[in-house]
Amino acid sequence: MDNKFPGKDVTISDLKEKFPLAAKKNKNHQSKIDICGHVFGGKKIPIFAGPNMVESKELIFDVAKNIKKIGSSFMRGGAFKPLTFPYRSKKFNETREKGIEWLMQAKEKFKIPIITEVMETKFLPLVTEVTDIIQIGSRNMQNYPFLVDCAQTGMPIMLKRHYGSSIRDWLGAAEYILKEGNKNVLLCERGVVVPHTHRNTSRFLLDLQVIPAAKELTHLPIISDPSHATFWSPWVKSMTLASIAAGADGIMLEVHPNPRESAVDPLQPISYGEFKRLREEMKKVAKAIGRVI
Amino acid sequence: MDNKFPGKDVTISDLKEKFPLAAKKNKNHQSKIDICGHVFGGKKIPIFAGPNMVESKELIFDVAKNIKKIGSSFMRGGAFKPLTFPYRSKKFNETREKGIEWLMQAKEKFKIPIITEVMETKFLPLVTEVTDIIQIGSRNMQNYPFLVDCAQTGMPIMLKRHYGSSIRDWLGAAEYILKEGNKNVLLCERGVVVPHTHRNTSRFLLDLQVIPAAKELTHLPIISDPSHATFWSPWVKSMTLASIAAGADGIMLEVHPNPRESAVDPLQPISYGEFKRLREEMKKVAKAIGRVI
Amino acid sequence: MDNKFPGKDVTISDLKEKFPLAAKKNKNHQSKIDICGHVFGGKKIPIFAGPNMVESKELIFDVAKNIKKIGSSFMRGGAFKPLTFPYRSKKFNETREKGIEWLMQAKEKFKIPIITEVMETKFLPLVTEVTDIIQIGSRNMQNYPFLVDCAQTGMPIMLKRHYGSSIRDWLGAAEYILKEGNKNVLLCERGVVVPHTHRNTSRFLLDLQVIPAAKELTHLPIISDPSHATFWSPWVKSMTLASIAAGADGIMLEVHPNPRESAVDPLQPISYGEFKRLREEMKKVAKAIGRVI
Amino acid sequence: MDNKFPGKDVTISDLKEKFPLAAKKNKNHQSKIDICGHVFGGKKIPIFAGPNMVESKELIFDVAKNIKKIGSSFMRGGAFKPLTFPYRSKKFNETREKGIEWLMQAKEKFKIPIITEVMETKFLPLVTEVTDIIQIGSRNMQNYPFLVDCAQTGMPIMLKRHYGSSIRDWLGAAEYILKEGNKNVLLCERGVVVPHTHRNTSRFLLDLQVIPAAKELTHLPIISDPSHATFWSPWVKSMTLASIAAGADGIMLEVHPNPRESAVDPLQPISYGEFKRLREEMKKVAKAIGRVI
């Protein structure tokens, strides 16, 4: 009723005034972003695999070796993690500077590019030494000064959608990065809050409808993260294949040698064996829609 | 905190006490339901296609001929429709008894089985003369006396999930039907209410996570209806392919010769040409996951 | 972006075309509905109190006597109940015809008007013999043929909002009743599905914002039901007082002599003592905003 | 089904292990926090009033003078604002250092304490020179390193709930502050994302049920912000009175001399006259529940 006032949904004027750099210029406009030889937004669908946390040197070396062999394009794993509560047990803890060091060693030894999260400007110099993509987590999506600081590193950035945010808010956050002249932005859907998530341990629902919706509006590649969205490893396979069929330009998976021993969120990682089998199925679905893994 | 009191999510005791007939008896328990030679819950993924409303004899004959040729297993189309407002224009109206008559003629002429909605017990005798599956709409999912009346016809039933209901409520509704001795129950996901649906005209989000979630709990086949869920035809293709990849046992599509001329919800139907091309892609994705269209 | 197509929110044309009878004719248009001498939509705020279910004659007589003494305007209590699962224990069961008979006897003996739910057209003759207001439950809000049947009895009707429905859907349902010439319609907010309800046993959130929102659009009185919305008796007091402050025209409360022994939903009823104390506080808040209990 | 794994809702062990400092020690545990002589958590309900943005010196002086006269305990107003999009018009802009300077001058001249938002650690020294309470906005609720930095200033902090966050996440964020030894924490509910918000311009629903829910779990005072929640000034009055009746320990209101001329969100502020009349009604409702404004 108040068309001149901002609402919940994207309007045509938003495309020109609110996020002109994130908006498609024409129907076929699609960015292709090359990161370490892996192109996002093209025919190929790169995979990020790895543990939630960089728990130990042994773990991260074991993961790097195995996921590279299976066929992951990048290794994921957090040395810095936004944890809901401030208390840390020995097991449940960030490894921070040490974790970054282990990632660096694993990267060198196994020649696998890295994506890892950073949560504070002051750690950008450290983290960008090792990471090939800066991961901005859901909880920082609207930390605008931090988005600008990340953008100014010139590094590729993966911007996770906040679990309560609209597509309008998400593209607005991406625009903050693009406006700094940093064109290498990947968007990542990782689950949203909804009335029903089907299990008492599952907090989010993977919003696959946002993939075609975002692709109507933006040229930026869209990654899907079924592990965080489902919080429940038995659903990861079908939600991964559905993500590919829905048009995702990349897949982020939580993979751990002993999933139930994962330091955090032990219900969501899949094992090496599950990852290997899933990758074979991903290849088939990708091929069916004219893409490749 | 009150484990003895009912909560939002399914508990282990629910499987035995609340919906023992809908619950899986073991990990591999999966019902196969044969309706007019089309088996739901097996390797094949049947398609329901057709208009939202049985608008006219001409329309329904044209649709029957075309979708059969393209490869739809069933024709869908409503002669009775739950409309949000009580006023009817000439264009925007239920055709009721006439519509049922036209469906009957089309069925006979084009030899295509029918699925159509019924909203009241008093129309069950009329509607069951033509329909091969009774469609119970979202808005009637919790109309329990009506569920029992439908069950007692002995006909196969497709039970749409209410757009605000949990999986627990949905399986409870299915149990009402199963308890009457009617085993031919299909569940249908058709979109749920969530905070963000990405367009001001889109009211629902297709909940694909409910497919693996439901398959953990129940042996009943799960159908997906991307047309109603998205309310927006450009998203139907990707959401259909994602439904198949997620494990749907059937797909319901709104197909209309002139989508924008559809009597209701003109933003959601796809054309014959779009349906034809989509079916080819559905076949490929189905094959990729070891199923067939 | 598609203003000519129906969306999620009420538009100005809706007021004229979709629900002209439910819509306010001017800023101050407010219906006053007199039921058994209790006027809804005026200065007074009537109370409905009583158990969830008419469990036994003893219970309902005890409740009628006590809540009348405390000051409830109407007694509520269901002989017919939409239960999520089809199995009935001895304790957890509808009393149906017997329950209606007990309500009738209690009404006669204690001279208190009745509001009770009916779920099927075939029971309308029976239920309207005793009830002074037909309660249409959340799950039947969109059972349009049934709404018409209820409307045609000429009885006052309280239409509960479906827990997943928009204000647009709710006013559309009310319009079905009004269109039959039945002007005595009360709307009732009873909680909606949202991402966070704060307890694992609480399924809904009381939507108090819908009170001013509805009052902008409709002249019909709005009732609030904090018991069903919260599912948790310790929150009932504050949500009742907040409902009054928000502008509710009536309050429905679940009251039981032994709340934790209630046949259904034992976490939500309050006791006679709690009701008595609450009513005193309700009087004070009502007075503060220029109304009376 | 997996009680040992973290879920969506607060469990009893959370109270001891996840947020022992935020959790109530006993049923009657309630913190009273004295800020500039205004006590939060006691009988009195302080008010924060003022514009969304510190637009100009003239505006902020005019507001300070008027709201103090009307009876606001604190003046609110943002010099730093998290804006959804990076582009600034002349009108729609943060005033930053200048805004802080104007707040300082207004505070001195009109002797009214200040609450204002800060979004980055580097501006803490500047902002804490003028503010009496650090406001942490919804979008920064989970910016944990920043919460710690704010806590270490020793200043009182108001922590707004993220619009997608559970009560568990919110109390976890509060625990980060409390763990640093800073006990002066106010929680603020400002609206959450839900399926239906009743207007296309309204993005949130004021969650009043969270007030009794939070008061069951925590001793921290709860503030309510009906202006941001409703995004629509005509609903502010009833939602403010409902907040008081629900048990809020403070009220934050957006007040502007010419609401529709507000630099941001012009649909939500109320005028001086509306504020004056509302405060009189707030006093009455507060008195009715045994509190004072």
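Which chain is which? They are A, B, C and D, in the order written, and residues in each are numbered from 1.
One rule holds for everything that comes next: a contact is a pair of C-beta atoms (placed from the backbone, for glycine too) under 8 Å apart; a residue touches a chain by one contact, two chains touch by 3 or more.
Quantities reported herein were computed from a predicted structural model and do not represent experimental measurements.
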Touching both subunit A and subunit C: give me those chains, sorted by label. B, D
Let me have the rounded angstrom distance from the C-alpha centre of subunit A over to the C-alpha centre of subunit D, please. 32
How many angstrom lie between the CA centroids of subunit B and subunit D, rounded to a whole number? 46
Using the touch definition from the top, which residues of subunit C touch two or more other chains? 1, 7-10, 164-166, 192-197, 199-200
Just say which it is for the chain contacts: an open line, a closed ring, a star, complete, or other. complete
Report the residues of subunit D in contact with subunit C in the complex, numbered from low to high. 7-10, 164-167, 192-200, 205-214, 216, 229-230, 234-235, 237-239, 241-247, 281, 284-285, 287-289
Using the touch definition up top, name the residues of subunit D that touch subunit A in the complex. 1-2, 5-9, 17-19, 82-87, 119-120, 139-140, 142-146, 162-166, 168-169, 172-173, 175-176, 179, 192-193, 195, 197, 199-203, 266-267
Name, in rising order, each residue of subunit B that touches subunit D in their complex. 1, 9-12, 164, 193-196, 200
